[in-house]
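Okay, so subunit A shows up in both of these, paired with subunit B first and subunit C after.
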Partner chain A sequence: MIRALLFKEWLKIRWFWAAALAIHVAIFLRIFFDIRGRIGAEHAEMVWYQTVHLGTLLYSDIRYLPLLTGLVLAAAQFIPEILGRRLRLTLHLPMHRDSMLLICLAAGLSGLLSLCFLSAVSIPLILAKTFPIPVALSSLPTMLPWILAGVLAYLGGVTLLLETTWPRRVLLIFVFSILIALHYSGRGYGWLTPALPWLIALAPLFLAAVFESGRRFRQRGA
Partner chain B sequence: MHAIEVHNLSHHYNGRTIYQDLTFSVREGSICGLLGKNGQGKTTLVNILMGFLEPAGGHCLVLGEKAHDLSPATRRRIGLLHEGHLAYAFMTIDQTHRFFQGCYPGWKSDLFYHLVDKMGLPRSQRIGTMSCGQRSQVVLGTIMAQNPDLLILDDYSMGLDAGYRRLFLDVLHDFAAQGQKTIFVTSHIIQDLEQLVDTLIFLDRGEILHTSLDAFMTNFHHYVFHQTGPVELPKDELIINCEQRGNKITFFSWAGTDAVQQHLADLGIPAPDLRRLPMTLEDGFIGLMGKY
Partner chain C sequence: MPRVMTRYSLVLLTVVALAYLMPAIFDTVFPRQSTNPLLLYSPVLNQFIYQESLGNHQFHYQDEAGRTYTRSEFEQQLPFLYYRNLELKGLLPPSIGGQAFDAETIRAERHAITIHSRRLKGHFPLLDLYPLFNNDPRVAIMPFPEDMFRFTDQTMEFINADDNRTDQELTESFTSALQEAGFVFPATVIGGNPTNLKPFDDGYFVRDSRGHVFHIRRVLNQPEVVKTSIDPGLDILDIIVSEHHRRELHGTIITTSGKVYLVTRESYRLISLPISGYDPGSMDFKLLIDPLHRTVTISNDQIVHGVAMDTAYRPLRTFTLPNRDLTPVPVLFLREFFFPFEITFESPYRSQAALRLVSGGPWSFAGILTALGLSFILRRRPPRHSGSWNDLAIIAMTGFYGLAAVHLLDET
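On to the complex of A and B.
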């Protein structure tokens, strides 16, 4: 049953996931060639000064990538279910309804996090071609808040799609927007590193919002 | 033993009372048709029975369990056809088979493909690109392959031409013939139900009439007589839904010919040529519920 559900979710997101993968790879290549181009155009010392002393992010192109990927995957998974109230088909399946929702979320989050993992591997590798390992590794705590923002965007998107009333939708947009904006506050390397344990602990709490909207969706006529 | 039990069900929508203290049951092994005009709450009742909607009052049991809290094991025993033949539009025929096969341990692949292959469509065809009739056949195959004990069909005939409706009925007859299978069905095509159901529930403004098909067809009558001038037939306990076209007056009644003749005479309306007309279930439905 779990395999069947994962199969269904994969059918919905596969083309969107593939498109997101292609965009990720294209942006990685762009960052790689951009760094090479900078070093070719300017002195290496100047690039070092900009990067290490001025804190210029050479991979800021991926800043909003997890956020957009999260929103797209949430839409790809749940819009086909909401349209024509097809979620009823899923809700009638012989499985505990919260477990079903959890598996759907696991499928979406796996799609999102697999791309984030690719970023977390690719960006340090690209940087390591030019910079020392500590500089390359510093990209990880810098990117982590963006990845968490992507997770929040995904959970917020699903919650919003399952929500049935406009006042709650507006409230959810407000709350999730503020929380996501928090993850983008500050600039430079590792700006939010001290807050990372709190941000990581915060993200799973929003699963509760998804389940609450899912419960309300069921009780209000699915 | 009852497959469906509804006790004192009440429900409101936008301040309008849909039901008040509705009580009925559907015996296991029966084929029950729920009939009512548009907007009388047939789909709402199905949604309540399947736990998609919480009623304002009362409770429903489906296969012995509370409708709003059906266990996965009980849901497995219920084949549900949603209004509009809901299906996963993004799946192909083969993907639909693969998905549902993984959800239902007793899934009958042969039956699924037997019903779906009748359309002659490639198994790689996406459901979203099918016509309503073709989609209904995939949905029918999906439900039948689950081998459920209880079928709940919400307006199965919606959007289907005569051929697909007949195909549906054939399959339902075969399903019912297996014994101890219960079907609870709503449909706008009432003449189809006449060939299928053994029990009827008429739903009208929150009130129900629960009867067997035989009892209804035997005890409810369609009458006609002729008058040269205009006649004002009162609507009372004997005369239901009277209609005058030219000099021809028709009405319905639960009473026999003699009682009706006497009643008309008491009202001062001579009806020497009063006689009963042959009545279909659709005639009876219109007679009981009115046209609008």
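On to the complex of A and C.
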């Protein structure tokens, strides 16, 4: 049944995932050509100086990509279920509610994290063509908070869609927006690196929030 | 997942979000104000004189003895700092401390070194890649080199920016020069100015794995490496190179224990500055050099402490001034009352995220008790089940944040 559920979730998100993949690839290409253009327009050593000592991020175009991808995948998975009242049926399958939700989340998170993994490989590779290895590697801790923001946006989006009352939905939007905005603090590379363990610790709390909304969804018979 | 876990995860997320956002909003609406003193040594009075902010762009000027001054009078006590203004107004004194100085002499003899804690090693994200400028007397401007260097475990590696490849020739040349000078890889501290906005280039000071400090320059594209006499036992935190036209100093050494040494151009002799209580992790440092005195000030958000010295860096006078909080008492009360703690990523002493849980103050306890009382009123009944007691425990620990979280997330 797990495979069937995962397949069902994949069917729901596949076209959105493919579109997100195409956008990711387009942005990687844009970053690649932007860097090439800069190196052509200025002396390479000046671009190095701007990147290493002035903290210019040449890959900031992908900053909000995980966030938007997370929200789109959450919407693609859960809006049809809720509008068509199909989630109620799913939650009545002979499997614990939380396990059922976890499988749905695993499908969505796999889609999101596969694209994030692509970013985590592509951006350092693009940078390594023009910059020394330390610069390429510094992009990983810089991008990690953006990836975490994508995961939280996905989990937060699912929580909001499962929530049944508007006052609580508004409160959750407020709380999630603040916590996700935290991941975009600072400037330059590695600004948030010392806080990464704390940011990572938010993910399990967001996951628990999904289960709380799932419980309320089932109890209210939505 | 048990309901208690899912519910209190949401409560915790709400408390964290509120503790991060609400104090920041409060501070935007009611900005904190302090006197933010500027402490200087007057060669006219032979004592410290200072400027304090009163808010709304108003300032108060006073000396150690308590005499107050107008802005114009304040500037006249500091002729080495405000010599341009005084010269324009015809107020530059004919002699200072018994000696005559014209504006040109003053300009030539002034030098300021400012070291902000947030720019010290470990306090900001840093990639150890540096440009080593070529010292070529035939070139008037200082062009950026086409390469950057980094220290690996065994080499001083130069990477060319045009092809992003190691420049083998330069790498071997500098690595050999370092080894011949006795450098033991890897480097542990690297200090230098990676900018060409300076009057000349003094290269880099690099501490090796044995603690010896080497001075590395690039002269006519060849390495010039000097093993300095700087004590290898110093617990060097950072080396700040300051290229200044006076050419008295190479720069400043800050140690982890808060000692500050000036590196002179006289065979790298160190001058130990007579300051105590300096914590490089949480204080800013400033050295002002003028024709008659050297003045060090160290400051944090609580105090500013000054030491005036003669030209041989012997202490003459010290003075400590508090940085007084001018925020109106009702504002401070409200802040403590409503916010028993705050979560912040910002620190005045770091240019990188530093997650801090900052506690409120004595009035926070009153706020917590009020929040608990409000919780009883909102429930309209005493707590009966464990969930209610848990909620009260949350409010007792987090005050109004917890009150808002548990009631807004109440099932009913």
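We adopt the following convention: the second predicted complex is superposed on the first by the 222 of 222 C-alpha atoms of A that agree within 3 Å, B and C clash if a C-alpha of one lies under 4 Å from a C-alpha of the other, contacts with A are read in each partner's own complex, and residues count from 1 in each chain.
Convention: contacts are C-beta pairs under 8 Å (C-beta built on N, C-alpha and C of every residue); 3 or more make two chains touch, one makes a residue touch a chain.
Model, not experiment: these values are computed from the prediction.
Q: Report clash or fit for the pair subunit B and subunit C bound to subunit A in the combined superposed model.
A: Once subunit A is superposed (C-alpha atoms), there is room for both subunit B and subunit C without a clash.
Q: How wide is the angle at the Cα centre of subunit A, looking out to the Cα centres of subunit B and subunit C, in steps of 10 degrees?
A: Rounded to the nearest ten degrees, it is 140.
Q: Under the stated touch criterion, which partner chain does A:L182 make contact with: subunit B (first), subunit C (second), both, or neither?
A: In the superposed model, A:L182 contacts subunit C only, not subunit B.
Q: State whether A:G84 touches subunit B only (first), subunit C only (second), both chains, or neither.
A: In the superposed model, A:G84 contacts subunit B only, not subunit C.
Q: I'd like to know which partner A:L93 touches here: subunit B for first, subunit C for second, both or neither.
A: first
Q: With both complexes overlaid on chain A, does A:R14 touch subunit B (first), subunit C (second), both or neither?
A: Touch status of A:R14: no partner.
Q: Once chain A of both complexes is superposed, is A:F206 in touch with subunit B (first), subunit C (second), both, or neither?
A: Second partner only.
Q: Touch check for A:R36: first (subunit B), second (subunit C), both, or neither?
A: neither
Q: Between subunit B and subunit C, which one contacts more residues of subunit A in the superposed model?
A: More residues of subunit A are touched by C.
Q: Is A:R3 touching the first partner subunit B, the second partner subunit C, both, or neither of them?
A: Once the two structures are laid over each other on A, A:R3 reaches subunit B alone.
Q: In the superposition described above, what is the shortest C-alpha distance between subunit B and subunit C in Å? Please give a whole number.
A: Superposed on chain A, the two chains' closest C-alpha atoms are separated by 14 Å.
Q: Tell me, which parts of subunit A touch subunit C in their complex?
A: 43-49, 52-53, 55, 98, 129-132, 134-135, 138, 167-168, 171-172, 174-176, 178-179, 182, 185-186, 188-195, 198, 202, 204-206, 208-209, 211-212, 215
Q: What residues on subunit B touch subunit A, complex-wise?
A: For this pair, the touching residues of subunit B are 47, 50-54, 72-73, 75-76, 78, 80, 82, 84, 86-91, 95, 98-104.
Q: How about subunit A: which of its residues touch subunit B in the complex?
A: Answer in residue numbers: 1, 3-5, 7-8, 11-12, 80, 84-86, 88-89, 91-96, 218-222.
Q: Given the complex with subunit A, which residues does subunit C contribute to the contact?
A: 1, 3, 5-7, 9-10, 12-14, 16-17, 20-21, 125, 127-129, 131, 144-148, 150, 159, 161-162, 164, 194-195, 345, 351-355, 408-409
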